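Shown below is the structure under consideration.
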Amino acid sequence: MTTANTDAMRPPFPAERGVDAYNTKLGMWVFLASEVMFFTALIGSYIILRFGAPGEWARPGVVLNVPVTAFNTFLLICSSVSMVKAYASIADGDQRMLKIWFLVTIICGAAFVGVQGFEYYHLIHRGFLPSGVREGSELAELVAKGTLSEASLGLYGSTFYTMTGFHGFHVTCGVISMIYLYFTKVLPGKYTQQNHGGVEVVGLYWHFVDLVWIILFTIVYLI
Amino acid sequence: MTTVAGTPHVGHAHSDDRSFLRKYIFSTDHKIIGIQFLFVSLFFLFVGGLLAMQIRWQLGFPNQPMPGGKLLPETMAPDGVILPEYYIQLVTMHGTFMVFFAVMPLLVGVYANFLIPLKLGAHDMAFPRINMASFWTALLAGLVMLSSLFVPEGAARAGWTMYAPLSARPDLSGAGLGQQMWCIAIVLLGLSSILGSLNYITTVINMRAPGMTWFRMPLSIWALFITAILGLLALPVLSGAAIMLLFDQTIGTHFFDPAAGGQALLWQHLFWFFGHPEVYILILPAMGMVSDMIANGSRKPIFGYHSMVFAIIGIGFLGWIVWGHHMFVSGMNPTLGSSFMVTTMIIAVPSAIKTFNWMGTMWRGNLRFHVPMMHAVAFVAMFVIGGLSGIFMAATPVDMHIHDTYFIVAHIHYVLFGGSLFGLFGAITFWFPKMFGRMMHQGWGKVHFWLTLLFYNLTFFPMHILGMAGHMRRIYDPTMYDFLKPYQPMNQFISVSAFLLFAVQAIFALNFLVSLFRGAKAPQNPWQDNGLEWTLPNPAPHGNWERVPNVYRGPYEYSHPNATEDYLPQSQKLPGDPEPAAASRASQGREA
Amino acid sequence: MESVQHKHPPYLLIWLYLFLLTAAELGLAFQLPIARNIKLLLLLGLAVWKALLVAMFFMHLKFERWNLRMLLIIPLPLAVILVLAVITEKIW
Amino acid sequence: MKWWLPAPASTFAGPIDGMFTAILIITGLAFVLVESGLIWFIFKYRARPGQKAYYTHGNVNAEYIWTAVPAVVCVGLAIVSNHYWKQIKGRDSVPAGAYPIKVHAKQFEWLFTYPGPDGKLGTDDDIADVRNKLHVPVGKPVVLQEEAEDVIHSVFIPVFRLRQDAVPGMQIRSWFIATVPGEYDMACSQLCGMGHYKMHAKVTVQSQADFDAWLAKAAQGDIE
């Protein structure tokens, strides 16, 4: 009785309404506001620590593999587009295109997580750890040659792995929930032109994750 | 769309065929979840109190065996004498339990859940299942925190503020696993609060009964709404910080480790950026509920409803830009200190407005001193002391002397005990009939009130004097210091008062438990209140309303000239009241 | 059901924008020999531009009512206050 | 047992105690006003048969007054606070030629380093790492250069009204002028671990001559 209405794409009636958004959509926006603050804590700490870091911060591209991540960025942007296309399809009542675009989104998202795992594996292999540089690794040699300043590498590792790790965690959560929706709602054709709140709401989350990555990519990899 | 004016919707109880487990344990009903929060957080309140008693024993009677102390293991108190390492665990866990697992869930978990749908005329929360998840996450967090007391090295040892680098370095604090469990529990609690907050916010924005416009909402709901916003935006910062702290402890990151370029003050900034809104999370709901109780007890509309609302909003906003006043002597840039000092002084103003408006409400009223009203008036009286003592700390030069002394301890207890807990005792008594269908005993309630008020002041007022003398917080043995030796009798006096204060809470506990089973059956509207919740039977059925009532006026129309009684429920239609526009906007009502 | 009535925004065009902006960022970061501070500002500007594109079109903020937009705007000043206050700390 | 602040022994004590007293008077007035008002209302307006409450939603003028008065008072206090704050902690407040003493805080003791005859820290003639004994000359500005080895500690000397955290990774300066010769307690006021409570030092304020004599002896290793 009470939950029946929450997924429908209209505000609950009869009621005073603060915003013209149905509950799940409003709830997702509210949740995203809190996510902004969570990433503020992580990104803000990064900015603050970088400002006060001893020794020169590693220049972009020295430690991190930017081309791979640029490809990853591209993947995530593509998945965002396919997500919004999926939404537009079902808003026009097109079940077939919804299924296709939704699947593309899941694949791009999963590929992003995979590439990030690959990136982590290689970084750790090269000696880049959350605590700094591993003794006797490739990066340790760069430090010995003076290409890298060791003083700030500990902070570099700490902030890099925490920020990208938590972003990756969010992407993973998004992929899992999309797979769940794909099999329980999308494939059985439960979304309709009138009722497709789930696609819109998971889309909001997905675009937000994309948005965070756009910021992270710039400030972590390029600056 | 007509609602029969003021008629109780009795006899509409839905046929409820849910199993016991669904109904009382894994329930999605906001009322049951509120009650679950109530029992759990009262338990943690008891735990926090028990820890405080041990602190007081050590301070009053250092190095003497504590009565019953032999029950504690050797690692805490050999022969009943508290060890210094156990003492700082006590200090840490008392603060942690009281702030995060007692007062915060009591105010927000219990009353936001219980009151928001009932007072706004909704069937339930916007997301009942998320609501249930929020409770179970909070319980899990509490259990993790509680069990950390019993791991080999004991619980976290860096104070409830968990200042790094002490908290980040197991080799320096002496506690490894306990510190990690603290972080994990706090992250879980943050998750629970965020889930709860997004529920409260969505419900308040989208699910108000027709006619329940923003400025017809009771002040309790306004306060809980702003509290939810504060929680929504503050808790993730704490969670982020706790995660970084956890990584510092476990995987070797260097966020707060100055040796590798990390910043010790970063933790303080993040913590207090969360921490100051948190302080208002701990007091705003009590302010809101006290406003309801004072208007009810005075039989008079609240004085200056709009300015009360704006004061709540103002506190909610200013609460974000005062965090640096916890850090005046931390080595923070003194110029930054000046700006924080100014904002801190300014935040005193909305609190002053609220205090005077409460007094204005009582002025020329017809005061009924039922137990909730007594607690509400005591709230005002005690909150004033806590608020005024805050001005001493806001003045930066004075803060140099009283920072980290018992003056601060006195201040926070005047606000959290004198404020929040008095508000809560009142609220528990006030909504007890709504929760359980029975009344709490008024006579015993009054006995409990007077004894608590007495021993509470005897416990916490002398702490101001100790603080002025320079008595530091969190020290194991004050008799180590020549300048504190003369104050030992006062410490003993405080300890004895604290034991008595703790003991008289048994009256409340017994009253609560006995009333649960033997209390007098509650009438429909025991306090003759205007709130929507009192149009329902006690306790309210699952789903609350058959048909959502229409709302015709604000919540505080007591002694209205046109009403026959001295109260006028929000859903009672007087001749000439227009039907709310939202009621006719759509034909699809949400019938059961 | 307002969102159905109005025409969908040109999503593929925005995708193209995002792609080009990302390419521009990469070029800026690694190819262009300009002063570091200017580079930093330009890169941040591009990132904000991209983020705004995503928020406005993909998340439909452009088509929402102001009070829903407010929801996401409220935390932003708080974030800025936190970071700025702590950074002033380092500058003294 | 004194029911007041400790006896003052530095130049800061005057303004700080003065502000404390002023705030006590102001808040005391507010306290008396509110509490006596409450008690008066409780008696005067208690429920009586036949009495009906006065139906009003408030009074805008009254609200203006009780918004404006606290606002003015608080802003006034803020101005006064800031005035003294700048004198005590301000960036440029440390007097030129203040006598430097290095304070090295670690779990759970204080190590003080005094400059030798050259009056400068960091030179060979420093009298390094005097444990838990702070000696200062009376009437002369002294600047403590605080640093911490492991965790945050806090220098707290109640009679001087001086408190300043020592933070690892930061160099923090904190100054005062002692006014009354004598022996005082110094404590750590920031929880710094298990032994926090026993991290105390003795502060001796003495005349310049006595101080010089003590310093000369300390240079020989005799710090008593």
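Chains: A, B, C and D, in written order; residue numbering restarts at 1 for each.
Keep in mind that, in the parts below, a residue touches a chain if its C-beta (ideal position, glycine included) is under 8 Å from a C-beta of that chain, and two chains touch if they have at least 3 such contacts.
Worth saying up front: this structure is predicted, and the values here are computed from it rather than measured.
Colleague: What chain pair shows the greatest number of contacts?
Modeller: B-D
Colleague: Please work out the Cα centroid separation of chain B and chain C, and write it as a whole number of Å.
Modeller: 38
Colleague: For chain A and chain D, let me know how many angstrom lie between their CA-based centres, rounded off.
Modeller: That gives a centre separation of 48 Å.
Colleague: Based only on mean CA positions, could you tell me how far chain C sits from chain D in angstrom?
Modeller: 46
Colleague: Give the residues of chain D touching no fewer than two other chains, as numbers and ranges.
Modeller: Within chain D, residues 91 contact more than one other chain.
Colleague: Two-or-more-chain contact residues of chain C, please, as numbers and ranges.
Modeller: 74-75, 78, 82, 86, 92 - these are the residues of chain C that touch more than one other chain.
Colleague: At least two partner chains per residue is the criterion; list those residues in chain B.
Modeller: 233, 237, 262-263, 265-266, 269-270, 335 - these are the residues of chain B that touch more than one other chain.
Colleague: Determine which chains touch and list them pairwise.
Modeller: So the chains that touch one another pair up as A-B, A-C, B-C, B-D.
Colleague: Where on chain C does chain A make contact in their complex?
Modeller: 1, 3-4, 8, 11-12, 14-15, 18-19, 22, 25-26, 28-30, 40, 43-44, 46-47, 50-51, 54-55, 57-59, 64-65, 67-68, 71-72, 74-76, 78-79, 82-83, 86-87, 90
Colleague: With touch defined as at the start, can you tell me which chain A residues reach chain C in the complex?
Modeller: 9, 18-21, 26, 29-30, 32-34, 36-37, 40, 44, 47-48, 51-52, 60-61, 66, 70, 73-74, 77-78, 80-81, 83-85, 88, 91-92, 193-194, 203-204, 207-208, 210-211, 214-215, 217-219, 222-223
Colleague: Going by the contact rule set out above, which residues of chain A touch chain B in the complex?
Modeller: So the residues of chain A touching chain B come out as 1-3, 5-6, 11-19, 21-24, 26-27, 30-31, 33-35, 37-42, 44-45, 48-49, 52-55, 129-132, 151-152, 154-155, 157-159, 161-162, 166.
Colleague: Enumerate the contact residues on chain C facing chain B in the complex.
Modeller: Those in contact with chain B are residues 74-75, 78, 81-82, 85-86, 88-89, 91-92.
Colleague: Residue numbers of chain B touching chain C in their complex, please.
Modeller: Touch list, chain B to chain C: 229, 233, 237, 265-266, 269-270, 273, 320-321, 324, 332-333, 335-336.
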